[in-house]
Amino acid sequence: MVEKTIELTGISSNSIEDAVSLAVSRASVTISGIHTAEVTHVAAVVENNKVARWKVRVKLSFIVKDELHE
Amino acid sequence: MVEKTIELTGISSNSIEDAVSLAVSRASVTISGIHTAEVTHVAAVVENNKVARWKVRVKLSFIVKDELHE
Amino acid sequence: MVEKTIELTGISSNSIEDAVSLAVSRASVTISGIHTAEVTHVAAVVENNKVARWKVRVKLSFIVKDELHE
Amino acid sequence: MVEKTIELTGISSNSIEDAVSLAVSRASVTISGIHTAEVTHVAAVVENNKVARWKVRVKLSFIVKDELHE
Amino acid sequence: MVEKTIELTGISSNSIEDAVSLAVSRASVTISGIHTAEVTHVAAVVENNKVARWKVRVKLSFIVKDELHE
Amino acid sequence: MVEKTIELTGISSNSIEDAVSLAVSRASVTISGIHTAEVTHVAAVVENNKVARWKVRVKLSFIVKDELHE
Amino acid sequence: MVEKTIELTGISSNSIEDAVSLAVSRASVTISGIHTAEVTHVAAVVENNKVARWKVRVKLSFIVKDELHE
Amino acid sequence: MVEKTIELTGISSNSIEDAVSLAVSRASVTISGIHTAEVTHVAAVVENNKVARWKVRVKLSFIVKDELHE
Amino acid sequence: MVEKTIELTGISSNSIEDAVSLAVSRASVTISGIHTAEVTHVAAVVENNKVARWKVRVKLSFIVKDELHE
Amino acid sequence: MVEKTIELTGISSNSIEDAVSLAVSRASVTISGIHTAEVTHVAAVVENNKVARWKVRVKLSFIVKDELHE
Amino acid sequence: MVEKTIELTGISSNSIEDAVSLAVSRASVTISGIHTAEVTHVAAVVENNKVARWKVRVKLSFIVKDELHE
Amino acid sequence: MVEKTIELTGISSNSIEDAVSLAVSRASVTISGIHTAEVTHVAAVVENNKVARWKVRVKLSFIVKDELHE
């Protein structure tokens, strides 16, 4: 059995958790079987002296079923 | 004075903060004097294309009062 | 163009996000043009077996406009 | 010349080496020209008090010949 | 749910895998429900110009069921 | 909004900067909207006692517009 | 043979070495066979503009003889 | 003797070296005695499929002569 | 509440501890409320085949009371 | 007493363990008293879609008896 | 087959690339078969408010043919 | 100009500083021009429930004057 891990960054104005969920649901449209999301970097975009958006980089892992893309 | 540090992982379906709190309260049942929880790893378990649970690893530190266990 | 990065720790009893926002707004009183806050360390102060405060260290970056202080 | 690096996890009940080989051969079905596999993480799944499977994360590198996928 | 992680070093004259398995089975005598062993350090003890023993440090994780020891 | 990050290695006989530019332009043939390239590793291939080629690994990030490939 | 590693922090007003020695002797009351202490973090508590105490985190390793505690 | 280290990011469209030099000369307007610049992060801003600017984060160190600012 | 962290290097011919103390006392002339000094790097300057000076880099943290300087 | 540490890479078509052993025995021809080999990097050379060779970088440590070479 | 890795720092007033090349050519006078130079640290010596020299630390690897020196 | 960096471990029953000094003076017997010793690892050998010896690994750097040894 082989798993693949890809790196996405979810961006949300609500929360760190929301940014992760966004990355997971966006990836799930075309990739099935994602089982884990590891958070590797958390940052905030600041605009007008306030946190405007959370940018959370995650590593998503899933079992490889079909062809592996280059 | 000597402190001990142990590593726990709190698991919660609500939030990252909730997972940390869970680890702290579970440990506090038998360990008194915990003063710090450092977050060392944050991951999410994904089920049915959604974040189902937050798994947050923490290092809990407390002052050693009684015997140290092996 | 030159940016400067400073290291602050926001402390909040509410959430990790709130601690970051606090650091950003406190810095914005005297520093203009902050655009990014990178989270580098997350810890919780534990009191009476509960998380009492979130301590989140962030690196704030902003464009240097005026004089650089030693 | 440009190379691409992807991250896979080989899972084998035999050995660490076997898990790496599995990831390499699975990737080679659709990707040609893989020349290196760097091991970045080694873990074991434990079941019934025994190591049941080796999970070895590798970074596979290969020369980009055709189109790069998003 | 809360998991605990402890750090052991398995020592074996046979192989890296064997050293991990040894740490897992030794821990399983008194700890039930170990599910993962992450390898964090691999070294070899050299005697008479030969590798005499493999020393492999692992982080073992298991679900906390009963009391947590200090 | 979701971004993806992929890992490429640009190889150039001229300079470190040229190797990064090569990776960026090669990726841009099929991927639109790349906005950042982070350098994660710099090495040189040595031939006949001279640096023959610079190999620079970069993480390229871009906004996900269409389908995400496995 | 299996070794266990635990994490303690020795706190001393004298020196970094003294803080390590304190952690070692406190642990030795109940744990026999400690053979190594690796220093992983050194900090100083500052009071009234002076270093008041050295806090030195160490990883203590010892051979497991009896039962392993959860 | 005490040195201070500050973190700047030089941004240049020419080269990595030029970005470092820019940070050094900008800081030198108000800070005297800078003796070292350590490169800690190199990235490129990509625009229209090309590297538009090099962003190089450096740690600048200098001997503290006058008052230290908060 | 917000804390700031600055990076200094204390240099002393006596000891590592002395170098840290020097950085703390020098910073305390103009900054009040320093509570922690984390050691991040220890080096020795060697002259005439002997250690001539200890250079110890520390991160000093203190509560921000007044204005934050750029 | 003073130890020296050198960095070698053993290359073997058999296994990770074999690659370490090879580095140890090759070094032992001219260096006596090697006592430890720490594994710092594991990679595989891939040829024809298969792992052809294991390349394992180790740090070998030994007590310095005679002259230290530049 | 066994490779050795040594650590050199090339120092050049021209560029980062030049500093690496210098280290490679200096080492090649007495060591044959160097095939790779990995950059592990980049710094600049600053004099009179300008970058005076680039100091680039590299790990040079080569196949061991003759005797290994202590 | 080219510098070389070698890795030694000084072992002393007195102090961390003494262990570094020992490595420096031992290396200086055959190597001239050592200018820096960076501490990379500090450990203590424990015997009979007490710290018996400090083992401090250092990276010693010096300017290459004569031939570089393999």
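Letters A, B, C, D, E, F, G, H, I, J, K and L mark the chains in the order given here, with residues in each chain numbered from 1 onward.
Please note the rule applied: contacts are C-beta pairs under 8 Å (C-beta built on N, C-alpha and C of every residue); 3 or more make two chains touch, one makes a residue touch a chain.
Please read all numbers here as calculations on a predicted model, not as lab measurements.
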| item | value |
| --- | --- |
| Pair from C-H, A-D or D-E with over half of its contact pairs in common with G-I | D-E |
| Equivalent interface positions on chain B and chain C, same or different at half | different |
| Interchain centroid distance [CA atoms averaged], chain D/chain H, Å | 39 |
| Centre distance in Å when chain E and chain G are each reduced to the mean of their C-alpha atoms | 21 |
| Where chain C touches two or more other chains, by residue | 4, 6-7, 15-16, 64, 67-69 |
| Category of the chain touch graph - line, ring, star, complete, other | other |
| Every chain pair meeting the contact rule | A-B, A-C, A-D, A-F, B-C, B-E, B-G, C-H, C-I, D-E, D-F, D-J, E-G, E-J, F-H, F-K, G-I, G-L, H-I, H-K, I-L, J-K, J-L, K-L |
| In the complex, chain A residues that touch chain F | 4, 6-11, 22-23, 26-27, 29-31, 55, 57, 62, 64, 66-69 |
| Residues of chain I touching chain C in the complex | 1-7, 59, 61, 64, 67-70 |
| For the chain L and chain I complex, residues of the former touching the latter | 15-17, 20-21, 24-25, 28, 34-39, 58, 60 |
| Chain F residues touching chain K - in the complex, by the definition given at the top | 15-16, 41-47, 49-51, 54 |
